[in-house]
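Input: structures, listed below.
Across the two complexes that follow, chain A remains constant while its partner is chain B and subsequently chain C.
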Partner chain A sequence: MSSIVTSIAPPRLSRRAWLIQMTLVPLVLIGIWEVWAVLANDPRAPAPTRVIESFIDLVAHGGLILATLQSLGRVVSGFAIALVVGVFLGILMGSVRWVRNLLDPIVESFRPIAPMAILPIAILWFGTGTPAALSIVAYAAFFPLLLNTVHGVSQVDRKLVLAASTMGVSRWRILTNVVLPASLPSVLLGSRLAMGVAWTAIIAAELGVGAKSGGGGSGGIGAMMFVFYAYNIDLNAIVVCMIVVGVVALLIDRLFRFAERRLMPWRS
Partner chain B sequence: MMNNANGKPKLRLQDVSKEFIAPRTGQLTTAVTGVNLEIQNGEFICVVGPSGCGKSTVLNLIAGLDNPTTGRIEANGAPIRGPGADRGVMFQDYALMPWQTVYDNIGFGLRYGTPGEGLSSNEREQRVRHFIDLVGLNGSEKKYPHQLSGGMRQRVALARLLANGPDILLMDEPLGALDAQTRLILQVELLRIWGETGDREQRKTAIFITHDIEEAVFLGDRVVVMSTHPGRVKAVIDIDLPRPRTEHIRANPRFGQLAERIWGLIRDEAYRAIDGKGGVQPAATTTTEMAH
Partner chain C sequence: MAIDVTTSAQREVMTAGIAPPERPATLAAVAAPGKANLFRSLVATRTFMALCSFALFVCLWHLVATWVGNRVLLPSPVQVAGALYQLGVEGEIFEHALVSTTRLAISLAVAVALAIPLGFAMGLSDRLNAYLDPFIELLRPISGIAWIPLALFIFGVGDALPVFIMVYVAFFPLLLNTVAGVRSVDRKLLNAARTMGVKPAPMLMHVLVPAALPMVMVGFRLAFAGAWSAIIAAELIGSPNGLGFAIEWYRELLMSPKVYAFILVIGVVGYLCDLLLRALQRVLTPWIEGTELA
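Let's look at the complex of A and B:
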């Protein structure tokens, strides 16, 4: 019997073996990249060592951190707008049938329109400043929030609502103290997805706004990338920006997962 | 029959029926029909019957969670218009709020509903504490429902029901998920909490659904026997066993006779339910079948 168990269970790995297996391919690829860049003999070709230099440079003169904070600020405010509107409408649509019937066609017809597709209108209406970027972020974050809230509210276990009504709990209290907490998992999932697309959208929006404003404009990490792409043609700096965008996205995701665990201790 | 002082029944069901329309097929199903019952203040009524006899439907109608298709239901002489804290319900699957601890679940009605009106937070806390003690949940106050065994969840649901201080207790197989020993202990507990040892006027009115015939005989003043196709009341049996009842009453020959009699009333249908899956039952169930 023990032989069956051992044959099914994967062999235990030492920590060092695990570390080697997890890092081998990335390290080899970076090595190949470095060698290739040296052989190319072009001072502007991106190489790992030059990317690191560029990163230190950009952090030292403060531009990278400022741009990242600018972008994050827009994401957070755009997300906040979407959160308020999306959750409010989501609760309404999830709990009142006729509201859902009225709004569903509009939601469904705008949903397939990608956030970037409204960029031209956003720039024409709001110019090349923060409001344009903000509106695109809010638009992008709105749909995951709305749809997940609707889903969460309409999936609430009916028994819980009935149980509350047999305890003399008013309809309003049932909404705030049964329906809302019961749909919290969906709302938080929607928030995490919304924050993800909001971060993607802000980079694209800033790139677009940056292009329109000729690199001046309103800053942010997307605009910074545009400047490196269109004016300085600094590939190393662009790679630095790419990595920063990725790391920030990862951190946002982890933060939301952490918040989910803290806000819903009953779900562990 | 046991009438209280003014002779008015606590609950009256007059010719009650309930039909459901299946959402997809539009097929009409009669859940229960022709239910007539008068329940006096302080009575403990048990309802038994095979699955599908509409036991839970009747309970939901009394709770006000559903409206009867025909007939009248009155509590304290007034027709029932909707759910209310005067009729507490203990659901089959407990319906505990998963995001709340044991303590908060038991205090839910006191905190958010009408039962807590006019109580100070101190009084509420005392009341919750009292019922935590009563059902033996000390030490588990901070646990969440998913951390509890089925038996403990049922205790939480029972404590919540009682903490709201309802006039009428509606219980849908509340002891169903317990192991046999715990169940016997809680049956005695339930009778104590209901007020068996005290003054008859002080007792709550209880309707208790079960499919355990011995449990029904042990607990009830009367046992309502229901049958299926369509759901209806087949018989109402008086349980003339003395109170307070203890475990020893099961050795009383009268106890055996009563259980035997009730079993006789539902035996055929119970057997048919087991081996009759293929041979679906009488035509009166649905209108579409009747049309044939």
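Let's look at the complex of A and C:
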């Protein structure tokens, strides 16, 4: 308790101490996991060394990279659909009051419905292929994009808009030259959050489609995981897929943060 | 750290805090007499517009459903209402909803019991935070959904799987917001309390907990939202009952009106739970009304 009060200026760490801090807990836990796997004496039990072997194996076969790319492709296309619809509607709802009052209740009532709840309908409409997965991604990404765009547009400084219209700037140019740049931070934040949920949604969709169409079918990394669970019973490969899912999520997040810094240098 | 996950908090700012910008008054608005005025004031009220939008939505749905003319692909609102009534009379809806909400409550309780003490410890001790944070950041990008195949193998189909997935999903927002909440406690408050000789236990109960509570509540609402979304996936794939199971079950039987009815129930239950949490937030932290965290 006293440590927080006294530690106003944290002591500077040497590089080595910092490295120890960063890696100690993960390494210890991975060590425990390895020991547990050796003691369990079951060749199917996942162990760090077997996970690495499995990773090399999967990459060498090309299956893992292909599946990841397929999932990423779906995420990007679903995200693009959500971006177009979400930002368009967001600008409309953010700048025209009655549109917002009209659409807000609908948006709010769909928001607690999880993307996965749409899966059965998506399968009914589109079958078990890419379109079903895509629609779920677009649905998931739509809400953060829309809500953040509305938030951004409605927070644009009115004085800027009024100043521009006083000087006789057309409504269209006010939109493109004043409102859009001013709401860009919100839109980008919405994009980052949307991309995060989209990546989660594609895994869920592929898993669900894979589970319900008897494995395979849709492809992608989620379906791959399900095949490893249901048919090959290869836990190491499942862990490899999980790690890949995590790494991709992290990369997406970092990419968007980087874009935020580059596109809006005035923010940081 | 907390900003990353505060969409719903932002959302609150939007609906509750800041009034939407006024459009410049047009000539028509100034000159509108009598009846038009009544219409205008009606349009301005939220409830009226909400009713309008639902009515419009249902009409549109009905029209599209009639045009599609396929009961399996897109049942009409009337058919869905019928299915909802039937499921309600037979009690099936309440059964599945009860199963899902019980799981939700259990997992949120477990997540709170795990994440909040750890969050306080990590918020108070820089050293503990420095050691544990890398591990948490390593685990956090792996979404709860990605754990489903492995968890299916470990726990099998049943209650444990959705509960595990939900605890995992709820853990991170709760933990990170608790840490951020504890760290954002005004140092002056702590120093003042210490100067006056307040002992650690009362300090925790009377200074730290109330000061960190608003952020913890935000974390709790985010945790709920994540868990409610994850339970559908978990139940759909690996559970013999619950709302997520029900939608997929009726999809396989091609009984679409019931699928839509259950989706409706998922939305309503989620919405009601969120209302409950907001009420809880108002009771526990009434002083943050109208701020970013409300």
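Keep this in mind: the second predicted complex is superposed on the first by the 260 of 268 C-alpha atoms of A that agree within 3 Å, B and C clash if a C-alpha of one lies under 4 Å from a C-alpha of the other, contacts with A are read in each partner's own complex, and residues count from 1 in each chain.
One rule holds for everything that comes next: a residue touches a chain if its C-beta (ideal position, glycine included) is under 8 Å from a C-beta of that chain, and two chains touch if they have at least 3 such contacts.
Quick caveat: nothing in here was measured; it's all calculated off a predicted structure.
Novice: Which holds for A:155: it touches chain B only (first), chain C only (second), both, or neither?
Specialist: A:155: touches chain C, not chain B.
Novice: Looking at chain A, does chain C or chain B touch more of its residues?
Specialist: Counting contacted residues of chain A, the larger count belongs to C.
Novice: Name the contact category of A:29: first (chain B only), second (chain C only), both, or neither.
Specialist: In the superposed model, A:29 contacts chain C only, not chain B.
Novice: Just to be sure I read the superposition right, which of the two partners does A:238 touch: chain B = first, chain C = second, or both, or neither?
Specialist: second
Novice: Scan A:181 for contacts with chain B and chain C and give back first, second, both or neither.
Specialist: Touch partner of A:181: chain B, not chain C.
Novice: Return the residues of chain A at which the contacts from chain B and from chain C coincide.
Specialist: 162
Novice: Considering the complex alone, what residue numbers of chain A touch chain B?
Specialist: 157, 159-160, 162-170, 173, 177-178, 181-182, 184, 264-266
Novice: Provide the residue numbers of chain A that touch chain C in the complex, in ascending order.
Specialist: Within the complex, chain A contacts chain C at residues 1-5, 7-8, 10, 21-26, 29, 95-98, 100-106, 108-110, 112-121, 123-125, 144, 147-148, 150-151, 154-156, 158, 162, 190, 193, 199-200, 203-204, 207-208, 211-212, 222, 225-226, 228-229, 233, 235, 238-239, 241-243, 245-247, 249-250, 253.
Novice: Enumerate the contact residues on chain B facing chain A in the complex.
Specialist: Touching chain A: residues 63-65, 82-85, 87-89, 91, 93, 95, 97-100, 108-109, 112-115, 144-146, 160, 164 of chain B.
Novice: Could you list, by residue number, the parts of chain C that touch chain A in their complex?
Specialist: By the definition above, chain C touches chain A via 7, 10-11, 13-15, 18, 20-24, 43, 46, 49-50, 52-54, 56-57, 72-73, 123-127, 130-132, 134-135, 138-139, 141-150, 152-153, 187, 190-191, 194, 200, 203-204, 225, 228-233, 236-237, 244, 247-248, 250-252, 254, 256, 259-260, 263, 266-271, 274.
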